[in-house]
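Encoded as structure tokens, here's the structure I'll be asking about.
Labels run A, B, C and D following the written order; every chain starts at residue 1.
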Amino acid sequence: MTHHLAPGVWGVVATPFAGPSLDVDEASLARLVRHYADIGTSGLTVLGVFGEAARLDAAERRRVLDTVVAAVDLPLVVGVTALSTAPAIEEAEQIRAALGDRLAALMVQVNSPRPEVVTEHLGAVHKATGAPIVVQDYPVSSGVRITTPDLVTVVRELPSAAAVKAEAPPTPAAVAALTGALDVPVFGGLGGLGLLDELAAGAAGAMTGFSCPEGLLACVEAYRVGGYEAARAAYAPYLPLVNFEAQAGIGLAVRKEAIRRRGLIEASGVRPPAPTMPAALGPQLDRHLAATPGALASGEEVR
Amino acid sequence: MTHHLAPGVWGVVATPFAGPSLDVDEASLARLVRHYADIGTSGLTVLGVFGEAARLDAAERRRVLDTVVAAVDLPLVVGVTALSTAPAIEEAEQIRAALGDRLAALMVQVNSPRPEVVTEHLGAVHKATGAPIVVQDYPVSSGVRITTPDLVTVVRELPSAAAVKAEAPPTPAAVAALTGALDVPVFGGLGGLGLLDELAAGAAGAMTGFSCPEGLLACVEAYRVGGYEAARAAYAPYLPLVNFEAQAGIGLAVRKEAIRRRGLIEASGVRPPAPTMPAALGPQLDRHLAATPGALASGEEVR
Amino acid sequence: MTHHLAPGVWGVVATPFAGPSLDVDEASLARLVRHYADIGTSGLTVLGVFGEAARLDAAERRRVLDTVVAAVDLPLVVGVTALSTAPAIEEAEQIRAALGDRLAALMVQVNSPRPEVVTEHLGAVHKATGAPIVVQDYPVSSGVRITTPDLVTVVRELPSAAAVKAEAPPTPAAVAALTGALDVPVFGGLGGLGLLDELAAGAAGAMTGFSCPEGLLACVEAYRVGGYEAARAAYAPYLPLVNFEAQAGIGLAVRKEAIRRRGLIEASGVRPPAPTMPAALGPQLDRHLAATPGALASGEEVR
Amino acid sequence: MTHHLAPGVWGVVATPFAGPSLDVDEASLARLVRHYADIGTSGLTVLGVFGEAARLDAAERRRVLDTVVAAVDLPLVVGVTALSTAPAIEEAEQIRAALGDRLAALMVQVNSPRPEVVTEHLGAVHKATGAPIVVQDYPVSSGVRITTPDLVTVVRELPSAAAVKAEAPPTPAAVAALTGALDVPVFGGLGGLGLLDELAAGAAGAMTGFSCPEGLLACVEAYRVGGYEAARAAYAPYLPLVNFEAQAGIGLAVRKEAIRRRGLIEASGVRPPAPTMPAALGPQLDRHLAATPGALASGEEVR
């Protein structure tokens, strides 16, 4: 169906904050999303967990959306933070109002282990906005665990499904089951830790935050053209940084600092309750960036 | 200081939903809070975790506040759901606008294990609104764990502290440490499971959801007048229901159904992701209510 | 079937340790189990989680069993700590060798979410020893979660089942489902927190650690004779202490200290990694014991 | 000190089980550990968590040790499963009896957040056996969390410390703090996910289970000779398989199946409660092995 998301890489966009007051830094955000457009991502996912959406007020969320819309022409998926229907619709309507036709889909989390509850929730958000729905199964954020068969049921009964974002580890077997049963595209997430295996299991691509989305693109494109071995060769040079950024708890802070050191944003602050990056990791992050293909401009010093 | 909360029982108010659409039921809410006023609670805590605040949209939260303000003259503490400063201030300002002078305090959650982060957060919410702050330490909701000494530091550096709501189990030793080090009143929560021990450790009272707040009142008043043994005698008849309502996961649904069967609200629906009460528990809930002092009007049949 | 456990209260026995070296204190253990015999428990459960079985070496476990066998004539259930079949059989055979015909049943934990795995495991332990099996479903100890329907399947296919110990909260609905589908007796545990509701759901009694098993007995006997209301009246005076002993993490230490203060054991040490009781709780424990019916001998001072 | 472990790679040895009965397969074990000797590991770690030690009975643990001792001349670290002192000493003495002078060190887990408790525990195990101690900080197995400063205190006060196995994620900052404060070697674990970063933080090497320890060796040796960039180049080709084997829950089963497909063991069964590998992952595992340098003998078909 036409509302299915295009395969490839959907960049999950960080929200840059400026200075000690941690205000939304619109200039950095614009620079960051233009970078995504320049490198060839299929689209962007804004206001996701990695975008710290739950840590922004409504005006800030609006400014994030306005900034992104003005900066790039890419298709936009926008995350809904709330797990219950009324506040989810409230967010969804604000997003709809901000983006109009630019909204490719809303990303809404699985909010119950009971498929009929999820179906009603996703259907209500769709009905209120007319927007296609990316179904996000992300237990570490939602606290909700659904079985894969029940998730299949949910997506089958959701004509407006645009994609599934499969982030309940271990993901490779789940992606295989989902892609075997559904014609809706399934994307991997979780920072790209299992991207090779998710592609091999039939994933349409990656939708995740990683400081060098060039690596996700190289992997997905190589898989399309040359299959697993080509993808593996393309992705292996990025995996040291992928794993470094996947560190428990501090992953968001590490990733934002990596983006900063790449010159894509001005400052790397995270809002509490997210913990900051231990200073001891700074030199190692530099080593990673220096060695990761294309992470730093040729001859550039780490900032 | 005068902004300290009065000791006693602060009722944490459920948000009643009507029918299958689960709309906020204002008539039930008014009836419920008037019951709290009638029985002599010191005040009410609205839009807390038990009030399903995170499952309401802004208009619904406003209607809840308007309804409560119009229905009772009790002092009101209002919960702030967000853990980050910007959305917490957004909520706090909406609450301030709705309640004006009726706002006794905002209840704000501990949002970091680092005391300096919490101090800055609580201070910012206070500065934006002028409201006193009830500091809620509730790891099962926030995902944040702070040590008791660090919590003492936070509260000491917060001139606007109105109270501490101590809900990091095991609570009795924590309450003892907090009341020994602070002159701010400390309240127990967690459905009253440990109220006797929290009082013995110096708590000023209870601030929690329980379908028969009459039991909390009886306990706290008996403790004030007669000490532990009197409180124990007063509270023991309520403990079977307290424990029944404290069941993992389904506690909210059980408690709302108990409130419904008492005739205080019209319907007992909970919004997902909260699970519903297993039907098998219905007869046992009736037995509890029939035996709990004052739970049902004399001669009344369970509805 | 004759190998079903008798209904009533099965005391889960603490293992007393003497002095700073925390050696097994056989004299205290003998005194403790004789107390259980004196008050009329149906039997004893030795070397359970509450008996710190995983913290004893094989010789100590043997001495515990020998001491109990010599001290009382009660039927004995003995816990198996290991979750895998080979070490479980090793333990089971040692227990069989120590107890011979005195062994009423082995208590073995559910060790997989897959019922066929559990069935094979329990069957193998039974086959190796000939002993009836108490099936313990205790996720907080085992880390394993099985659905109630799958647990029913397991028990149905286990002719040697002596009982089920249902400790996956919330237990009341689980006990109702188990007793509705099985003719094997089902016992509540978890320190007695939900005993009234477990009895109302059809439980045959309690099998748990509590410093005043007299309260469990009073409750179960009252339920048998007079139903829920009688049980409730009998049990309410014990609930303040039940809840005090159920404190997260420190419950074991609190319970052993309560047993010590009752004069039933000489010292209350727990072996790491169990945390010790905070000293601040001592006076409150005294208050509980002074007020709990029969906890202290008439006129006795707390030791 | 001479009892410090040599730097490099210590292979954590899987325990192979034969056929549906899951008996210890000594021939496979001998073949497996000879492979480790052939490729140049510094030593072996036997009966660790990855070796499923808690799922073996004492006779099986003895046969594992006897088999390994007879098969290779490598230095041997042996894991102690119990967290409490008495059963830990029991295991330690059995290990000592089996290995005599072949025992390089015992690996003992941190068993309390309180450093004085851990110090006493580790000291007692050392005193009972004379063996040097590898201190393992592995919260996902032990359930115990200690701060890094407290872990430094523990190791400083333990003259018999042979090494620290740092497995409390995020590990890189912890390894940096440990190596900065201690002269005891610190090893990374966790399947090699963070090996590059642990080496950069000062780790002496890796002590972990991975189906291709050749990759760990290549990484550690390259780091020694050429620093981070060389290590990164050497390790990147192994990371796709490292990540595949690190899948939550099923990692052990995947890793054993990979070892089997390499021809190093006969069968890949795991003992419950470990879950088995989903069949859907088989083809992808083949792809990984075919592409991983040296995983399969030249021209060999996957078995």
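Here is the rule we go by: a contact is a pair of C-beta atoms (placed from the backbone, for glycine too) under 8 Å apart; a residue touches a chain by one contact, two chains touch by 3 or more.
Just so you know, these numbers come straight off a predicted model, no measurement behind them.
Looking at chain A and chain C, the chains that touch each of them are B, D.
Although chain A and chain D share one sequence, what matters here is the overlap of their interface residues, and that overlap exceeds half of the numbers used. Chain C and chain D have Cα centroids separated by 36 Å. The centroid of the Cα atoms in chain B and the matching centroid in chain D are 48 Å apart.
For chain C, the set of residues touching two or more other chains is empty.
Contacts between chains close into a ring here, every chain touching precisely two others. Here, these are the chain pairs in contact: A-B, A-D, B-C, C-D.
Across the complex, chain B meets chain C through its residues 169-170, 172-173, 176-177, 193-194, 196-197, 200-201, 228-229, 232, 235-237, 239-240, 243-244, 247-250, 278, 280-281, 283-284, 287, 290-291. Within the complex, the chain D residues that touch chain C are 22, 52, 54-60, 82-87, 89-90, 111-112, 117, 121, 142-144, 271-273, 275.
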